[in-house]
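Pasting the structures in now, so scroll down.
Look for chain A in each of the two complexes below; its partner is chain B in the first and chain C in the second.
Presenting the complex of A and B:
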């Protein structure tokens, strides 16, 4: 019996360092691995004994693209531990900041990282001479997302204006006007780019049934915010404080990131999952585009995650307009003092948010000195890894069933596209806490 | 007339959050023009083109945390005429170096339950300069867009990149901010942190935590005095500056100073004229 190994040692055009290894024998697929070799930074260990108010500024450095996500989610988790609920203005301001990250992250990923594959280019700069207008427009979208993060968060990468209990400095009214106008321009660009996105062919080689997980919409009907309850296909909703009962993680040798299962099955989080769970909450222009690009019941094809990202770009711009309308009418909120909120005994808090790649969980334990005694961060990419491996196996099977049509080159390309469709954020995925070793 | 060949540039990331590479991609207006001035042969984040040949300039982000990082770094240095480090991780060790106080076995136990992994971590997280000579260094967490572009253009034009040899404090004064130490009794690393960020955080009411690394000639004693006068706990001060601003030796220096002289009796204090 002979086995051959096909390896993509280093996946380009994703954030972080990972690869794919597939072993095929006479009987079929023997092994599929998404290997994560991003160096570990041991976040959970280095957070111990730090003050609770330092946490957002440290954990946002888990990842640059997702820095708002970690900064906001850790802030909500610590507020949960301390029994704090922020005011509506602060909630809305944070929602707006989250929109900024979504727009920047999706614009970057969809146009600069994923689309080159569909069009046969090795990268966005190679694409630029032939698609000059589209590339410039994509960069303008990305710039708008960054602008929101700069104006509201204080800086485009690693926000500084997010503070336990509130905000550092409330933005001036003219900023909300500026961002509202920017959202109108962004929508105009998105309308022009839609034909290009609609033309991208999502082939079926990885299509297979899957469990989708996403947070329920919040009190504003926002599907991309902070929430308390988790929806999973075929399950009753789950309170996020019970996440560890359902989201089981394991350490695998070939990965510095852990893998997750929902009640022991792989599952998918991210844009496609949100489109499947929340199509009724996606109204307006985004709703129309959802139906045009993905249909009433999107097929369980991971490549459709890219179409979902486009819908969410439109959704976010529409949300920015609504949020700015509300925020500009509010009085200036005072600066928060996060330094004197020590609990009286050891407390634990958990928070979950929808962020560009899916559901993010943060959980912290704080003692009466205000020091972190335990920390847990579960990123969407880590949650997706088991499903990615399953989709990789399906892709290989499809290829074998077609008599290896297109040879190794075709398989390699398809595997990369599947991995990229998830928009993996590998820097994020390499931090998680202990659990059982997965049986291989 | 023969035009000079465009410099061959590669952009690489070791263990990092990719923030400095992302900041380069954030130069949306300049990116296309930049691509015309250089031959960008390697940029894993943006392109699958994988170039293995000689480079005029290698730009490296991230700290050296694993054997793979070290092998990659040595390989890049061996085929590059010049090397620029970008970001506080590459220049000073950054956030990954916060774990250097704890032994590796303890870290592996806490985070991975002691299970062996294929990826081998080094005992400590290191700045790039611990292993290879560095020609240009642009600190920041993340880097400032303009500072990076100015440095790169200076290199392309064969002039000297400017240096920021002033602290964040100076920038706070230019902004006419109220001092957070004096007025709110907060631990602020402004006095010992390299300027260039226009005192972004203190201007928003948030104390500086030194993400750009130490200023060239930090006056740690004077800074310690300043905090001491405001009754700030030494533990808090050490904790705060340990994050980025203080490479391990500074941290040790301060701990040793305060251990030797806990009451600060060795210091000549000017008596308060009003007392």
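Presenting the complex of A and C:
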């Protein structure tokens, strides 16, 4: 009996360091692994014994591209522990900040990391001479996302304006005018780019049934923000405080990142999951584009996560306009003082947020001295890893069923596109493809 | 209005000495609060949100080349682009990010840029600079303070 090992030791154009290894024997696929070999960072241990109000400023450094997500989610979790519920204006201001990170992250991933694959380029630098206008437009979108973070978060990176119990400084009304105008310009760019996104061929080699997980929309129907209940295909909604009963984390030998399962099944979080669960909540121009790009019910094809990100870019810009109108119309500046009191006894709080790559969980235990005694962070990339492995196996099986059509090069490209479609942020979850085929 | 001089710090303080660029930028910003000085963490591409750019820019970062920890490197950008380094923000790495900025951002191309890098010792202890790297950073801080005064 013989077997072949298909190995992609380093996957490019993803955040961090990872690889893919598939073993194929006479009877088919024997093993399939997506490995993360970025060094473990032990974020949770780093937070122990810190004052709770230091946490948002520390966790935002976990990753340059997800800093708002970690800062906001940790803030909501600590507020949950302390029994604080912020006012609607403060929540809406934080939602606006989160929109900034979505726009930056999706613009970068969709146009600069994923699209080159579809168009046959090895990367955005090679794509740029032929698609100069589109690449510059993508960078304009990213810049607008950064601008929101700079104006609302206080800095272009690693926000300082998110504080426990409120915000540091309330923006002047002219900031909301500036961001509203920026969102309208971003929408105009997205309308010009839609034909390019619609022309990208979404092959179905990884299409298979899956469990989709996303947070329920909030009281305004916002699907990209802080939520109280998880929705999973085929399950009743789950209170996020019970996340550990359902999102089961386990250590796997081949990776420094933990893997997650939902009730013992791999699952998918991110844009495609949100589109599946919330297609009716996506209205306006984003809703029309959703139905044009993905139909009434999106197919279970992980590559459609890229199309979902485009819909969310439009959705975010529309939301920015609404949020700016609401916040600008406030008659008085909301009270937004930071909170520094210690709890009377040890308390625990949990929060979940929809962030660019999926659902993010932060949970903290705080003692009566205000120190963190336990912390748990489960990132979207860690949640997706088991489903990525399943989709990689499906991609290899489709290739085997086609009598290895296109050879190793075709397989390498397809595997890379599947892994990249998840927009993995490996820096957060603790790269991806040179393909070698060797007899084991 | 365009500033004559600007400084950006790059790196991640959660990864020990890798954060030396950010450490320097923060310290310089506190010393010269009205100057164009920014901590960009691990994502140089975010500089696009900080326009108008200064006429001249000093970029501070960490480097691992095998030299003595804490030693200062004054590298040209062309030399930096020839180095095999890739690890950095969101799949591009420093070389990819510089490539994208140079291909698409005319204003960035017009800045006179200087790179000053400090050799790292450890990248495992969060928020802690090794004594050798701290000494190198202090030396660079003094040089930059003189330059900015």
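The definition used in the following text is that the second predicted complex is superposed on the first by the 421 of 440 C-alpha atoms of A that agree within 3 Å, B and C clash if a C-alpha of one lies under 4 Å from a C-alpha of the other, contacts with A are read in each partner's own complex, and residues count from 1 in each chain.
Just so it is clear, contacts are C-beta pairs under 8 Å (C-beta built on N, C-alpha and C of every residue); 3 or more make two chains touch, one makes a residue touch a chain.
All of these numbers come straight from a predicted model, not from anything done at the bench.
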Simultaneous placement of chain C and chain B on chain A, clash or fit: clash
Which of chain B and chain C A:87 touches, first, second, both or neither: neither
Partner chain(s) touched by A:288 [first = chain B, second = chain C, both, neither]: neither
Per-residue touch tally on chain A - higher for chain B or for chain C: B
Partner chain(s) touched by A:332 [first = chain B, second = chain C, both, neither]: neither
First, second, both or neither for A:163, with chain B first and chain C second: first
First (chain B), second (chain C), both or neither touched by A:192: neither
Which of chain B and chain C A:147 touches, first, second, both or neither: second
Which superposed partner A:184 touches (first chain B, second chain C, both, neither): neither
Touching partner for A:122 - first (chain B), second (chain C), both, neither: first
Common interface residues of chain A - those touching chain B in one complex and chain C in the other: 12-13, 15, 17, 39, 41, 43, 46, 58, 61-65, 67, 108, 112-113, 123-125, 128, 135-136, 139, 142-143, 146, 155-158, 431
Residue ranges of chain B in contact with chain A within the complex: 13-23, 25-26, 28-29, 31-32, 35, 40, 43-50, 65-66, 68-69, 94-96, 98-99, 102, 106-108, 110-113, 115-119, 121, 125, 141-142, 186, 200-201, 204-206, 209, 211, 236, 239, 243
Complex contacts: residues of chain A adjacent to chain B: 10, 12-13, 15-17, 35, 37-46, 48, 50-51, 54, 57-58, 61-65, 67, 108, 112-113, 122-126, 128, 135-136, 139-140, 142-143, 146, 154-158, 160-161, 163, 168-169, 251, 253-256, 335, 339, 427, 431-435, 437
Footprint of chain C on chain A - complex, ascending: 12-15, 17, 39, 41, 43, 46, 58, 61-65, 67, 108-109, 112-113, 123-125, 128, 132, 135-136, 139, 142-143, 146-147, 149-150, 155-158, 425, 431
Contact set on chain C toward chain A in their complex: 12-15, 38-43, 45-46, 48-50, 87, 89-92, 96, 99-100, 103-105, 124, 126
